[in-house]
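Below: a set of structures, written as C-alpha cells.
Look at the two complexes coming up: chain A is in both, with chain B in one and chain C in the other.
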Partner chain A sequence: MFRKYMVLLRMKYVEMFAYQLATIVWVVGAMIQPLITMIVWMNIYPQESDSFVLYFTLLILVERMTSAWDVWELDREIREGTFSYHIVRPMHPIHWAIAENIIYKGLFLAVLLPIWIIVAFFVPALQPHMDWAQWGMFVVAILLGAAIRFLFSYTCGLLGFWVTKVSAIYGVFEAVSLFFSGRIAPLSLLPPVMQEISLYLPFRYMIGFPVEIATGAVTGEAVGFGFLGSAVWVSLLLMVLGLLWRAGLKKNQAVGG
Partner chain B sequence: MQRHWRIFREFFRTCLVEELEYRSEFIGNLLSSVFGIGIAILTIQIFFYQTDQLGGWVYEDVIILLGIFNFLQGLIDFALRPNMSRLLQHIRRGTLDYVLTKPVDSMFYVSFRHLVFWRLIDVVLGGGLIVYGLMQKQYIPSLSDFLMFVVSMFSSIVLIYALWMLLMTTAFWVIRMDDLSFVFNSFFETTRFPITMYQGWLRIVLTYVLPAAFITSTPAAALLGQWNGVTTLVSLVVAGVFLWLSRRFWRFALRSYTSASS
Partner chain C sequence: MSIQVNHLNKHFQVHVRQAGWADAVRSLFKREYKVVEAVKDVSFSIQPGEIVGFLGPNGAGKTTTMKMLAGLLHPTSGEIKVGGYVPFEQKADFKKMMSLVMGQKSQLIWDIPPMETFLVNKAIYEIDDSVFRHTLDELTELLELEPLLTRPTRNLSLGQRMKCELAAALLHRPKVLFLDEPTIGLDVHTQEKVRQFIAKYNREHKTTILLTSHYMGDVAALCDRVIIINHGKLLYDGGLQVLAEKLTPYKLLEVRIPTVPQMSWDEYGEVVEIDEGKIILRVQRDRIPEVSAKFLQNFEVHDLNIQDPPMEEVITLAFQEESHVS
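Our next item is the complex of A and B:
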C-alpha cells in the first residue's frame, strides 16, 4: 500500500507541474474574495483591523488546506463515462484523489509558509499568538476539516450516478457554507440564530473551527464540543460515502450495460 | 457601424435559435439566478447587521450598487464569457485562420459570436434590484440624474469590454490556461462594494490603474443624484483610452500570431 502511494504521489506531482501557471492563478484568485471581505470588516470595525487581518489570512490558509475539488472531476467523469477506467483498476479510485490532495496541499504549504514567516516579520498583525496545545489542536482541526470537506465533495460527486445536476446541487451547498463556515464573517459576528445553526452543520468544522482555535475565539469546553462535532461529521460522511459507493457501482453497471 | 449592428443581429438570431432547443433548462436557470442574487443580498445584510454604513454608503445605496453589479455581470455572462474559451481553442488549434479570413472585423467577431441568452435573467434581476433599492430609499431620480446614470453606465460597459479584451488577448501567449476569465472575475469582485470602502493606495490603484471605481460606483452615485460632470467626463475618457489600448493590443497580438497548422 505504501509503495503504491509513493507511485501515486509522484504521478500527481508531475501532473501538477504541467499546469503550474494555471495553479498559481487559481491560488491567487481564491484569495481575492476573502481579502475583499476582510476590507469590508476593517471598514466596519476600524479599531479591530489587526484581528481581522489575522482572521482572514488564517482563513485563506485553512480554506486552501481544506479545499476540495473532487465533485467537479467526478461529475464530469461519471457523465462522460471515463470514470469506468477508474473503477476497473484494482485500487479504489478515492486513493487517486487522496494522493492529489496530499501533493497539492503539501506544495501549497511549502510555498506559503516561508512567505508568511517573512511577511509576519514586518507585519506584526500576522503573528499568531498560540501556545503549543493550540498549535496541536489547530493542526488536528485542519486535518479533520480537510477530511470533512473532501468526503463531502466526494460524496456529492458520487451522486452523479443518479442525477446529472450535481454541480448545481453542490453550488447550493457552497453558497450556504459561505455563511456558516465563517467565510463571510467570523461566526461571532453573525446573528445568534445563525451561530446556533452553524454548530450542527458540517460547514463550520471545515474552515471556521480551525481558524477560531488559532485566534483563540473558541476555548475550554467549546473546543471539546467542536472536535466532537468534527468527529461525528467525519464518521457520518464516511458511512454515507460507503453506502453511495456500493449502490452507485450497481447502478453504473446497469447503465453501462 | 451599421454593418456591425446587422452582423450582431445575425449572431443574436442564430444563438437564440440554438438556445431555444434547450427550453426545458429555463426554469433551472431562473432558479439559480434568483438564488445567486438572494445570496448576495443576504451577504450585504450580514454586514449591515453590524453597521449602518459601508464607506459612507447606507444599506439602500449598497443594494442599488449590487443591482448595477448584477446587471453588468449578466451582460458579461451573456455576451463576453461564452466567447472566451472558444478564442483559446481557436488559437490552440489554429482555427483562428478561418476567423481572420472572414470579411468581418476579427476582434468584433471573436468577442460577440456566441451569446448565452438565459444570462439576461441576471440583467433583468439586477434592474429589478436597482428599482427596489430606489423604492426603499424613496428617492426618485431626476431627469439629469438618469441621464448621467445612462452616460456612466455606457462608459462602464465600454470599460468592461476593453478590460475583458485586454485579458483575452493575452491568450495568444498564455495558452496553457483553460479559463482566463477567472482572472477577470477576481478583479470584478472588487466592484461589488463602493469604491470609498477601499483606502490608501488600494483606492488609487482601483481608480486609475484598474479602474474599478468607474464600473459600479460612478453609475450608482449618478442615479442617487451625487454625480458631478467632471467624474462622468473622466469615466468616458478612461473608457475611451482603455478601448483604444485593447484595440492596439489585439492588433499587436495578431501580428505575432503564427497559425498552428503546418
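Our next item is the complex of A and C:
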C-alpha cells in the first residue's frame, strides 16, 4: 500500500503542476474570505484587533488544511461516467482522493508556513502562544478535522449515485457550516444557543475546534469533549461512507459509453 | 478464461425529474421513477480465447450487459461467471484478470502524459518491474506509442489516445478483455490499425475478447461469432457466415460484358445496378451456379464476380426481422 501511495502522490504532484494557475488561485484565493471577515471584526471591536488577527490567520491555515473538494470531483466523475474506471480497478477510489488531499495540503503548508514565520517576526500578533501539549493537540485536532471534512465531502459525493447535481446539496451544508465552523466569527461570539448546537454538529470539529485549541479559547475538560466529538463524527462518517459505498455500487448506473 | 451468462436481467429505475438547483434538493424528498428493462433474460457462454462480437443498435442493451460482465452494474437477476468469478463481488483478483475499454470514456489522466497513467496502473495492479517493462515495450512497438508517451493526454488525437487507452488496459495482461466501441470516431486507417492490433493480441495471448461495435468492419474482421441483441433480448448467437446465409438467401452477381442489352433480367435475378458494361444482380444462393452458367453461355463475359451482400445489410435485416433470426 505504501508503494501504491508513493506512485499516486507522485502522479498527483505532476498533475498539480499541470494546473499551475488553478493551484496558485487555490492557495491565495483561500485567504480572501477570512481576511475580509477579519477586517470587519477588527472594525467592530478595535481594542481586540490582535486576537482577531491571530484567530483569522489560524483559521486560514486550518481551513486550508481541512479543506475538501471531493464532492465536486465525485459528482462530475459519477455524472460523466468516468468513475467506472475507478470501480474496475483493484483499488478503492478513495485512495486517489486521499493522495490528492495530501499533495495539495502539503503544498499549502510549504508555501504558507515560511511566510508566516517571517511575517510573525514583525507582527507580534501573529505569534501563537502555545506549549508543547497544545501544539500536539492542535495538530491532532487538524488531522481529525481534515478527516471529518474529507469524509463528509466524500460521503456527499457518493450520493451522486442517487442524485445528479449532488453538489447543490453540499452547497447548503457549506452555508450552514460557515456559521457553525467558526469561519464567520469565533464561536464564542455566537448566541449561546448556537454555541450549544455547534457541539453536536460536525462543523465545529472541522475548523473551529483546532483554532480554539491554538488560541487557548478551549481548555481543560472541554478539550477532551472536543476530541470525543471529533472521534464520534469520524467513526460515524466512516460507517455511513462504507454503507453508502456498498449501496451506491448496487445503484450505480455506470452512465455513458 | 470463460464467460457464463444465465438468464441475465437488468432493470433500471430511471429517475424522472426536471433539471435545476431547486429540483435537486426537492428530489431528495420526492422522486418519480420509470422502470426500463435494459436486458431481458439473456444467456450465453464464451470459451477461453474466443473473440465474440456483440451487436445491436443504440440502446439495445449490449453496453449494459458488458458493464454487468465487468462488475460495474449489479444485475437485477440472473447469473454471471467470468473466469470463475462473480463480477459484482468486486474481488481484487477478478479485477486483475480483466480489463474494460470504453471508446467514449478515457481512463487516462487527462492533463498529464499517458505514461503517468501507466505507472499508476503498474502500482495498482501490482505489476512486477520486469513484466511491466516487457509488456510496455511490446505494446509500444505494436501500437507505435513511442512519440505519444510523454505528451499530455489532452493533446493527443482521438486515434492516438485510443492506442494509449488500449495499452493502459493491457499492461496487467488481462485474460478477459471487454471492448466497448473501441474504434468509435476513428478514421478508416486507424480503425484498421486498431483491428489488426486486437486480432494479433488475441492470437498471441489467447485473451478472451468481447467486443461491441457499430462498425461492421470491426466485427467482420475480428469475430467469427456474433451475439445480436435488441430491445434487451438475445436475437442470435452463432457464426457470422451462418447468419448471413440465413438472413440474406441471395448473393450479388457482378458481370462485365461489352454491352448490356435492354431486356428483362427476371429469369436471371433482381437487378441492383446496370452500368455501361456492367450489371449487378441479386440472385438466390442456390441458383448462383445455374445463372452463372447462363451468362457464360449467352454473353461474352469478361469478368464474373460473386459477392456476399454487405454485412451492414445483414445486420440491418437482423434488427428488423427479429422473428426470422431466432
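Observations on the model:
The working rule: the second predicted complex is superposed on the first by the 252 of 257 C-alpha atoms of A that agree within 3 Å, B and C clash if a C-alpha of one lies under 4 Å from a C-alpha of the other, contacts with A are read in each partner's own complex, and residues count from 1 in each chain.
The rule is short, and it goes like this: contacts are C-beta pairs under 8 Å (C-beta built on N, C-alpha and C of every residue); 3 or more make two chains touch, one makes a residue touch a chain.
Just so we're clear, the structure is a prediction, and the values are computed from it rather than from any experiment.
Of the two partner chains, chain C is the only one that A:250 touches; chain B does not reach it. By the touch criterion stated above, A:85 is placed in contact with chain C alone, chain B being left untouched. Judged by the touch definition given at the top, the superposed model places A:19 against both chain B and chain C.
Contacts of A:165 after superposition: both chain B and chain C are touched. Of the two partner chains placed around the shared chain by superposition, chain C is the only one that A:7 touches, whereas chain B remains out of contact. In the superposition on chain A, contact is made by A:178 with chain B only, not with chain C. When chain A is checked against chain B and against chain C, the one touching more of its residues turns out to be C. After overlaying the two complexes on the shared chain, residue contacts for A:110 are found with neither chain B nor chain C.
According to the touch criterion, the shared surface of chain A, contacted by chain B in one complex and chain C in the other, consists of residues 19, 165, 168, 172.
In the complex of the two chains, the chain B residues touching chain A come out as 28, 32, 35-36, 39, 42-43, 46-47, 49-51, 54-55, 174, 176-178, 182-183, 185-187, 189-190, 192-193, 197-198, 202. Listed in rising order, the residues of chain C touching chain A in the complex are 12, 15, 19, 21, 24-25, 27-28, 63, 67, 70-74, 88, 90, 92-93, 95-96, 98-100, 102-107, 109, 111-112, 116-117, 119-125, 152, 180-181.
Here chain A touches chain C in the complex through residues 3-4, 6-8, 10-11, 14-15, 18-19, 80-82, 84-85, 87-91, 163-166, 168-169, 172, 249-254, 256-257, going by the rule given at the top.
Listing the residues of chain A that touch chain B in their complex gives 19, 21-22, 25-26, 28-29, 32-33, 36, 39-41, 43-45, 165, 168, 171-172, 175, 178-179, 184-185, 189-191.
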